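The two complexes that follow have chain A in common; it is paired with chain B in the first and with chain C in the second.
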Partner chain A sequence: MAEDTRQYTDFYAQAGKLICERSCEVMNAPRAEALRTFSALGFPTKKVERYKYTDVAEDFAPDYGIALTPLEVKNLPYCHRISEAPVDVTPYYNKLADRQDAVVALNTMLSVDALVIYVPRNTKVEHPIQISNVLKGEQDTMVNRRILIILEQCAEADIVITDKAVDQMHFLSNQVVEVFAGDGSHLNLYEVEETHLLCTRYSSVFVQQGRDSHVHHTSFTLFNGHTRNRMDVSLKGEGSGVILNGCVIADKTQHVDNNTLIDHQVGCCQSNELYKYVLDDSSVGAFAGRILVREGAQKTISNETNANLCATSSARMYTQPMLEIYADDVKCSHGSTVGQMNDEALFYMRQRGISEQEARLLLKSAFITEVIETIPLEALRDRLHVLVDKRLRGELSKCEGCKLCK
Partner chain B sequence: MEEKNEFVREVAEKKYQYGFTTDVQTEVIDKGLSEDVVRLISQKKGEPDWLLEFRLKAFRYWQTLEAPTWGHLKMPEIDYQDISYYADPTKKSPLGGKEGAIDPELMKTFDKLGIPLEERLALSGTAVDAVMDSVSVKTTFREKLKEKGIIFCSISEAVKEHPELVREYLGSVVPYRDNFFAALNSAVFSDGSFVYIPKGVRCPMELSTYFRINARGTGQFERTLIVCDDDAYVSYLEGCTAPMRDENQLHAAIVEIVVKENAEVKYSTVQNWYPGDSEGKGGVLNLVTKRGHLRGRNSRLSWTQVETGSAITWKYPSCVLSGEGSQAEFYSVAVTNNYQQADTGTKMIHIGKNTKSTIISKGISAGKSQNAYRGLVKVAKTADNARNYSSCDSLLLGSKCGAHTFPYMDVHNNTAVVEHEATTSKISEDQLFYCNQRGINTEEAVSLIVNGYAKEVINKLPMEFAVEAQKLLGVSLEGSVG
Partner chain C sequence: MLQINNLHATINGKEILKGINLTVKDGEVHAIMGLNGAGKSTLSNVIVGHPAYEVTEGEIIFNGKDLLKMAPEERAHEGIFLSFQQPVEIPGVSMVNFMRAALNAKRQYKGEEPLSAGDFLKLMREKRKIVELDSRLTSRSVNEGFSGGEKKRNEIFQMAMLEPTFSILDETDSGLDVDALRIVAEGFNKLRTPQTSALVITHYQRLLDYLKPDIIHVLIGGMIVKTAGPELALEIENRGFDWIKEEVGL
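Then we have the complex of A and B:
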C-alpha cells in the first residue's frame, strides 16, 4: 500500500465505527467497497490521464483534522438530511459516482452525512436554493461533502452552491455531487468558489439525464488555492441537452484544473461547453474536456470552446479538448485558444485616456462576461459581475464579512 | 463459404495493386532477438565498433521497456522473438556476376511499382534510393548529385564513407531512449537513406526513398537521416508498399532531420503499406518515430503525409523549433477503411523566440476503422512570441467507424498565441444530392468531395506525388459507400 494513503486508511480503521454510528445505513453500505478501492488504487498519479495536471497525493498529504459533524438542515423546502429523505435513496446514493476513482472512494468512505435535494414530479421550485459551504475552524481541516440531487419527471430547480472560507487555516474539501435529472426536468446548477490561497478543493460532479431533460451547469472559480473539478455528464435520454460553462480567474500560485466528460449515449442530444480562464502571476490552469459520442448516438450536436488569457510570463496553461466519436451523423466541433490581450484594443483605450491598468481590467472583464451572460438567473448574474470586477481589482482576497461570520 | 472468401479476396486484391511478392533469393537470418542478433546484423553490415556499441546500448535499454498502450489502438500482441530482423534480397551471384549488378527480378519489381532504377527511364528530376527489406538496392543519380557536394546514399554506405557525419548526427534528434520503438529501431535498424546537403546548396532534384517489404516473417527497421546545412534546401519524398499477407508485418522506422540556419527541408510521405484485407486480417503495423530539429535561425521544415495504408499507424512526425524565427508545418491526410486503425498527429515543441508552426490534419474514416488525431503543441518559457495554428477536421463515412481528436496544448509563455480548432461531421447530404442531380453516381461523388476536402494538404505535395495521392484516396475508399 502506498504511503500517501496510509493516514486515511489508518484514520478509517480508528474512526470507522464512529463514522458508521453517526451516519445511516444507505451511506454505510458502500464503505467497505470504497475502502478496498481506495487502498488498492491509491491516489491517482499524473500517469492517470484524467489527473495528468494535478498532483493529488501532494494535496492530500498534509495532516488534516477530519470533520465528522453531521448536517443540520432546518425547515428548508426540498432539502433534507439523507436519513430524513422523503424517498428511498438507495437506488440513487453512490450509483452514479465513479467507484473506480480513489478520490471519490475516499469521500464515500469518510462522509458522515449527505444533503438530499429532492424535487418531486411536475414541481417547479420557485426560488433558487442556495447551499453555502462555509469553512471555519481553529485548525487545518478536511471535510467530505456529499450532495444528492434528485429531480423527478418534469421538475424544475435552480441550485446555487457557494464555497467560502472564514478562517485563515488550511482547508481541504472533497465533494461528491450526484445529480439525477429525470425525463423533462430542468436544472440550473451553479457553483461559485471564493475561498483563499490555503484552501484545496476536490469536486466530482456526476450527472445523469433522462429524456428531454436540460441541465445547465456553471462553475466559477474566483478565488482558491488548489482546485480540481471533475464533471461527468451522461446523456441517457433522447432530446436531452447540457450546457457546461465555467470561468476561472487565478493569480498568485493558484492552481485550477477542470476536467469534464460529456457522454452522448443516445442520439438527438445536444451539448455545449464554454470554459474561460484568466491567468495571472504564477498561476496554473488546466482544462480537459472530452466529448464521447457512442455508437448509434446519431444526430448529436456538440460544441466545445476553451479560451484562455495568460497575462504574465510565469502563468501556465494546459488545455486538451478531445472528441471521441463513433457515430457518423453528427456535428461536433471544438476550439481552443491560448493568447494574450489584444494590443490594438489596449491602444485604443489608452488613446482615449483610460489608464493601462484600467484598460487591461476592462479587457479581462469583457472576456469573462461571455460566461456570466449565459446565466439565466438575473440576481446571480448581477452579483457575479460585481464579484468578478472586485476580483480583478484584487479586492476579493480577503473575506467580505458576510452575515455568517459576524 | 469457400467461394465467398475467394470472392472477397479477389475484390480486396483488386484494390491493393501492390500486393504481389517478388520471387528472389533472399538471405534471411533466423527469427528472434538477442544481443547476438544485434551483433550479427552489425557484422553483416561491416559496421565500426562505435555503431555496434550504440546498437547494444539501445538494445539493453529496450529490454527494460514495455510497449506503450496509450494510443487509441487495439494492438495485436507482437511477439518480438517471432520476427526475423534482417533480410537481404541482393544476394551476390555465386558465379561472380558484374560488381554492383542488380538481380533483374528486383529491377522488374521496382519497375512494376513505378520506380524505374535505370536513370534514363526515371522521371526527370527525382533521384531514388530503393530499399527492399533490410537492404538498399540502388541509389540513382548519385554521381550527378555528388558534383554539387550532395551526399545521397543508403545509411550503411554512409557509415563507411562518411562516418564523421553519421556519428555526429545519428541519434541526435531521436535518441535511443526516446521511446519503445525508437529503442528497438536503434538496436536493429537495417537500411534507409542518408542525405547531406552542404552549405548554400539547393538540391536540384527531388530525393526520394522507396521502401518495400518483400520477405515473409520479417520486419523492416529503416533509419533515415537528413542533414541540411546552412542556407541549403532539399525536398524529400518517401513511398512504401508491401505484399499482401495474412500475417502482421512490423515496420518500426526512425527518421531524423537536422535543419540549420536559413535552411529548408520538405519531407513528404505517401504511405501505402498493405492495410490488411476487408476483414482486418494481416497488414503492416506502422510504428514510426519521425522528428526534425530546427536548429538554426529562420530554418524551415514541413512534413506532408498522405496515410492510406497500414493496418495500424502510430506515427507523430514532430518538430523541435529551437532556432530563432524557425517555422514548421505539418499537413496530413489520413484515410482509414475496413478495420484499419490510425493514431497519428504531430508534436510542435517551441523553444526559440518568434517560432511559428501550422498544423492541418484531415482524417477520413470509413468502414469499421478508427482514426485518431493526437497532437501536442508545447510552448516553452523561452519561446517569446511563438505562434501556432492547428486545425483538425474529420470526415465520417459510415456509421460503424470512429473519428477522434486528442490535442494537447501546454503553454508556458504569455506572449504565445496558440489556436486549435476541430470539427467532425459526415459528408453533407446537400453536396451529395447536388452531384447526384448532375448525373454523378454516389461513389464518384464521395470521391470528388473527399478529394476537395483533402486538397489543402495534397496541394503541398510535389506534383507527381499529388497525382498519385489523389488516385490513392479514391482507391482506398472504394466500396465504402452504399
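Then we have the complex of A and C:
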C-alpha cells in the first residue's frame, strides 16, 4: 500500500465503526467498496490524465484531524439530512459519482452525513437556496462534504454554495456533489469559493441531465489556497442543455485547477463552456475541458472557450481544451487564449488621468465581467461585481458580510 | 504654456525627433503638418509620456513644470489631453465607469471631492451634446463597436468632460466624412477659451479651415523646418512639401 494513503486507511480502520454508527445505511453500504478502491488505486499521480496539473498526494499528505460531525438541518425548505430525506435516495446516492476515482472514494469512505436537496415534480423553488460551508476550528482539519441534489421532472431551483474559512488554520475540504436533473428541470447552480491561503479544496461534481433539462453552473474562485474542481456532466436526454462557466482570480502562490467533462450521450443537446482566469504574482492556473460527442449524438452544438490573463511574467497558465467527436452532423468549437495586459489600453486610460494601478484593475475586472454577466440571478450578479472589485483591490477580508464570523 | 527645447526622442533605439523647438502660448492653436514618418505622432506621444518612447535630450516645460518627470496620468491631471489617432477599444470597461474614474482621479489630484453619481451623469448628458454623441454610445464599453467617426467624436467628448488646458489632436480628421468632421471641429471650437491651447496634427487643409490655427509648423525628418502663419497651410495644400525641402536644403 502506498505510504501517502496509509494515514487515511489507518484512520478508517480505527474510526470506521464510529463513522458507520453516526451515519445511515445508504451511506454505509458503499464504504467497503470505496475502501478497496482507495487502497488499490492510491492518490492519482500526475500521470493520470485528469490529475495532470495537481499534486494530489502532496495536498492530502498533511496530518489533518478528520471531522466526523453530522449535519444540523432545521426547517430549511427542500433541504434534508440524508437520513431524513423524503424520498428513498438509494437509487441516487453514489450512483453518479466516479467510483474509480480515489479522491471520490475517500469521500465515500469518510463522509458521515449528506445534505439532500430534493425538489419534487413541477415545483418551482421561489427563493434561491444558499448553502454556506464555513470552515472553523482550533486545529488543522479535513472535512468530507457530500451533497445530493435531486430535481424531479420539471422542477426548478437556484442553488448557491459558498465556501468560507473563518480561522487561520489549514483546512482540507473534499466535496462530492451529485446532481440529478430530471426531464424538463431547470437548475442554476453557483459555487463561490472565498477562503484563504491555507485552504485546500477538492471538489467533484457529477451531473446527469434528462430530456429538455437545463443546468447552468458557475464556479467562482475568488480567494483560495489550492483548489481542484472536477465537473462531469452527462447529457442523457435529448434537447438538454448545459452551461458551464467559471472564473478564477488568483495571485500570490495560489493554485486553481478546473477539470471538466461534458459527455454528449444523445443528440440534439447543447453545451456552452466559458472559463476565464486572471492570474497575478506567481499563481498557477490550469484548465482542462473535454467535450465528448458520442456516436449517434447528432445535431450537437457545443462551444468551449478558455481565456486567460497573465498579469505578470511569473504567473503560469496551463490550458487544454479538448474536443472528441464521434458523430458527423454536429457544430462544435473550442479554443483558448493566454494573454497579457493590453498595454495600449493601459496607456489610453493613463492618458485620461487614471493611475496605472487603477487602470490595471479596471482591465482585470472587465475581463471577468463577461462571466458575471451570464449569471441569471441578478442579486448574485451585483454581489459578485462588488466582491470581484474588492478582491482585485485586495480589500476582500475573509467572510465579508457573513453573520457567523463577526 | 508649453515650451519644448531641443527635444530628441527615440523608439527602439531609432532616433525620430532630432531637436524640436516649439513654444505655444495661452489661447493659441498651432498646427503641425508634414509627410508620413516625419515624427508628428512621435511628438504627440512624447508630450503625453507614452512609455514606448525614450527622450534622449531636451526638455518640455508645461506651465513652469518639468513635464518629462511626470507619469502620463500626472500630465493628464496637469491639463494635457491627447485625442488619439486610433482610439483604443476596451471591452468590458463601460464609458461611464471609465469617465468617472478619469474625472475623479483628476479631482482628487486637485484636492476636490469626487462628483456624486447624479452630478456626474448630468455632466455626461450636458457634454455629450457638444459632439452630438448618442447616449447609446456612452452606455457601452469604451470605443467598442464604435465607427471611426464615433470614436473621434468620443475623443472630443472626453476632452469636454476633462476640460484640459492643452490638447493635442492627432489626425483627428482621418477617417471622418464631411459631416463628422464638421461636428468634431465645431465641438472642439466650442471648448476653446483664451486660457486653452492646442496642437493640431493633420495632413489636410479642411480641418484647419474650421479650427483656424494661429501658427503652422512643418515637421520634416524629426525637425521643425518652417514656421509661418495660416497661409502656409494653403500653400502646402496647393504645392506639397517639395518646395519647402528645397528651400531648407534637404
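Rule of thumb we're sticking to: the second predicted complex is superposed on the first by the 402 of 406 C-alpha atoms of A that agree within 3 Å, B and C clash if a C-alpha of one lies under 4 Å from a C-alpha of the other, contacts with A are read in each partner's own complex, and residues count from 1 in each chain.
The rule we apply is simple: contacts are C-beta pairs under 8 Å (C-beta built on N, C-alpha and C of every residue); 3 or more make two chains touch, one makes a residue touch a chain.
Source: prediction; values computed, not measured.
A.B. asks: For A:Glu84, select first, second, both or neither according to whether it touches chain B, chain C, the two together, or no partner.
C.D. replies: Neither partner.
A.B. asks: Is A:Gln320 contacted by the first partner chain B, the second partner chain C, both or neither?
C.D. replies: In the superposition, A:Gln320 contacts chain B only.
A.B. asks: According to the stated criteria, A:Arg352 is in contact with first (chain B), second (chain C), both, or neither; which is it?
C.D. replies: In the superposition, A:Arg352 contacts chain C only.
A.B. asks: Of the two partner chains, chain B (first) and chain C (second), which one does A:Ser365 touch, if any: first, second, both, or neither?
C.D. replies: After superposing on A, A:Ser365 lies in contact with chain C but is clear of chain B.
A.B. asks: Mind working out whether A:Ala311 is in touch with chain B, chain C, both or neither, as first, second, both or neither?
C.D. replies: first
A.B. asks: Now for A:Glu295: first (chain B), second (chain C), both, or neither, which partner does it touch?
C.D. replies: A:Glu295 sits against chain B, while chain C stays out of touch.
A.B. asks: Please determine whether it is chain B or chain C that touches the greater number of chain A residues.
C.D. replies: Partner with more touched residues of chain A: B.
A.B. asks: By the touch definition at the top of the document, which applies to A:Gly339: first (chain B), second (chain C), both, or neither?
C.D. replies: A:Gly339 contacts chain B only, not chain C.
A.B. asks: Check whether A:Asp329 is in contact with chain B, with chain C, with both or with neither, and answer first, second, both or neither.
C.D. replies: Once the two structures are laid over each other on A, A:Asp329 reaches chain B alone.
A.B. asks: Touching chain B in one complex and chain C in the other: list those residues of chain A.
C.D. replies: The overlap between the chain B and chain C interfaces on chain A is empty, containing no residue.
A.B. asks: So in the complex, the part of chain C that touches chain A is made up of which residues?
C.D. replies: 48-51, 71-73, 75-77, 81-82, 84, 87-93, 97-98, 101-103, 105-106, 109, 141-142, 158, 162
A.B. asks: Quick one: in the complex, what on chain A touches chain B?
C.D. replies: Against chain B, the touching part of chain A is residues 49, 295-296, 298, 308, 310-340.
A.B. asks: Write out the stretch or stretches of chain A touching chain C in their complex.
C.D. replies: 342-345, 347-356, 358, 362-363, 365-367, 369-370
A.B. asks: Would you tell me which residues of chain B are touching chain A in their complex?
C.D. replies: Going through chain B, the ones touching chain A are 70, 72, 379, 381, 394, 396-426.
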